[in-house]
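What follows is subunit A paired twice: with subunit B in the first complex and subunit C in the second.
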Partner chain A sequence: MTPAIADIPDTYRPSPYYVQRVSDFTAGSTFLVTSQPNFDAKDVFLVAGKLGYHGFQRIETFRDYMPDWDFNRGQPMSELAYRWMCEFLKCVELPAGKRPSVFLASSGNLELAWEDNIGSKYQAEFGPSAIEFFRDNTGAEGIAEASDAGVREVAQILSV
Partner chain B sequence: MNRPICPPEENVVRAICSDHYDSEEERISASLFKGKDTSVSRLLLISLEDHWDLFRHNVQKPHRRLELIGEISVGRLQEIGRAYEPAPMELTVEQAPEDWNRAHAVIPQNITRGLANKILPALKLHKPI
Partner chain C sequence: MPTAFPFPDPDRLPSKIARCPILEAVMEIRFVPSRPWDHFPGLFAERFGSIYPREEDTGVSQIPQIVRDRDPSLAHLPYRRFVGDRFALQAGPRIVGLITKRGAYPGWDAFWPAMAEVLQGLEEMRIIRETVRLGLRYINFFDFDIYPQLTLNLCVGGQPMMLPETGLSTVLYREPFRHHLQINNSAVISGPDNKPILGSILDIDTSLAVKAPDIFHQAEAVFRDAHTAEKVLFFGLLNPDFLATLDPVYSRP
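Right after this comes the complex of A and B.
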């Protein structure tokens, strides 16, 4: 019997985007080509709902950044970081009427930043393997593993 | 390599581009100062007006716009570092000229997100001219 998608562990699910190895025989080297991800409509709806059209559009612009966009440090936006950010947005409780800003770090990580109604700062930076968090009214600052459990933990720390 | 240190009286600037600045919400990312070897540029050697040209030619890229320039004195930066709780830090600005910018300098210390959040409000922000 074919297992349902929900029964398949994450590690066995197909990547949201493909990576193809390309051989350049004339130069004797190989390089990788990464496709644009096949966007999940639910994630697009989620991101546009939580970050607004402006935030959604910023992410689309970050995807178009050329390599080395920050001198030798600008990495392409990480699609894994995007995935963890989407999972986080599903769990976190944001202050009423507040829309986080989204930023791109030189490492290719995505960062969210917002304030509560008294101006306390909340921030989370999503990378492929770690999530950094900061909340100034509790002094919470640290790094969690990028995993379903890590996302839930950070969402709990940063929820109002 | 020992690089000359900029004195507290000097003012330095940092380019703030669209990836680190949300113009609609007017928020600046803490990543602007987080981490080590943060690039800054010295106003002593190049005027603010000329920095706009310099950054437009070298920092702007396709889809990446120069939005603001943030200015701070070395002394203020050091005060913020020393006053930071729970982990005070002695910050320095070291001269590190590059081909594209003779006024280039770096803050070599590894600045935490918490400390970066203290530096951001101290910036004097300049809008495009």
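Right after this comes the complex of A and C.
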């Protein structure tokens, strides 16, 4: 449902959910031109909706990390990991009112962690080719292949 | 989600058009880097300096870091440009692109081998940890209002919308590609002696979001397919009568 104008936060800061640039027409100085941004509005909406404003902003910050962050040990954020995380967020059923926290591992993997309403812990770490998962209250733990089927499997295991 | 592709497929695709409207073409790879940007200029100069000897600063790196971090649209801009005879190679912390000289598109048979050489160099330099996106963009220019010549019509209440400053931006999906189509009938480019030329831009950016870590060995097939997909959209957009005025050349069957 579209929020009423009164519900939109009163701020003069630019929207962080910037998804399309329509002013990129060349006007003579074309040599700087490069291919278009590829932000997918649906992914931005999904991630900001499931992880909240701060979670979304953390991922945007992670994207700025260059190789050698974390005292020369860190790898930049894997965009494939981000893609699998988005697929996971489409499938998983989260506890009502809970938003996972998001972390960047030194390996460049993205990790989500959350609790349900009785305090049981859930974790999923997304890499380019594998997804590690853990669920406290069932003892489920393992590694799944990063694929459409693997994502669905992990989402099913970690859904409430 | 992806929807039906609304433009008609041409019966056949020209191999070239004699009155070529291509202002500029860009072939680009976006990636997650395995090395910091500081390493790039030296590596590029060493690997590509003989082909692209003139090095320039695009000015993007002079934008304060805090501004670059807050504007996602700046994330994939090039910091350095290496200019050669026929093409310019551009590099940023997360992108490398090859650009044709303005108004001098040499054709796919010259464009692709130059990009293949760039990809080979990137593989040797080991600066890419993960390929994110492959993109192919063609910017066409016509020195008149292009809208009446298109299969796409803009109408208001059933009446054609004929306005002198009209821009359109839309995204079309046709698996596996995503096309970002932009049309504007009030573009100004610089012609000979920087003389301004008013006209229309028809800009198609065809891209593939990569879903596997290693794409290098598939890049040729992906770019070739993207080129064909872009041509299908471009020629599907043009009215057949208008296309005939551009003197299309068809390869023999």
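Methods note: the second predicted complex is superposed on the first by the 123 of 160 C-alpha atoms of A that agree within 3 Å, B and C clash if a C-alpha of one lies under 4 Å from a C-alpha of the other, contacts with A are read in each partner's own complex, and residues count from 1 in each chain.
To be clear about the criterion, a contact is a pair of C-beta atoms (placed from the backbone, for glycine too) under 8 Å apart; a residue touches a chain by one contact, two chains touch by 3 or more.
Quick caveat, the model's predicted, so the values are computed rather than measured.
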| message | Quick one: is A:Gln123 in contact with subunit B, with subunit C, with both, or with neither? Answer first, second, both or neither. | response | first
| said: I want to verify the contact counts: of subunit B and subunit C, which reaches more residues of subunit A? | reply: C
| message | One more residue to check, A:Asp136. First (subunit B), second (subunit C), both or neither? | response | first
| request: Using the touch definition from the top, say if A:Ala113 reaches subunit B (first), subunit C (second), both or neither. | output: first
| query | Thinking of the overlay built on chain A, is A:Met66 touched by subunit B (first), by subunit C (second), by both, or by neither? | reply | both
| request: Determine, under the contact definition given at the top, whether A:His54 touches first (subunit B), second (subunit C), both, or neither. | output: first
| said: A:Val102 in the overlay: touching subunit B, subunit C, both, or neither? Say first, second, both or neither. | reply: first
| said: Taking the stated contact definition, name every residue in subunit A that is touched by subunit B in one complex and by subunit C in the other, in rising order. | reply: 61, 64, 66
| remark: Within the complex, subunit C is touched by subunit A residues 14, 18, 20-22, 24-28, 30-39, 42, 60-61, 63-64, 66-68, 75-80, 83, 108, 128-129
| task | Note which residues of subunit B are touching subunit A in the complex, please. | result | 18-20, 22, 24-25, 27, 29-31, 39, 61-64, 86, 112-114, 117
| task | Could you pull out which subunit A residues touch subunit B in their complex? | result | 54, 58, 61-62, 64-66, 69-71, 74, 99, 101-106, 111, 113-114, 121, 123, 125, 132, 134, 136, 139, 141
| message | Which residues of subunit C touch subunit A once you look at their complex with the stated criterion? | response | 1, 23-24, 26, 28, 30, 32-37, 58, 60, 69-73, 75-78, 81, 88, 90, 93, 95, 97, 99, 102, 129-130, 132-133, 135-137, 139, 167, 169, 178, 180, 182, 184, 187-190, 194, 196, 201, 203, 205, 207, 209-213
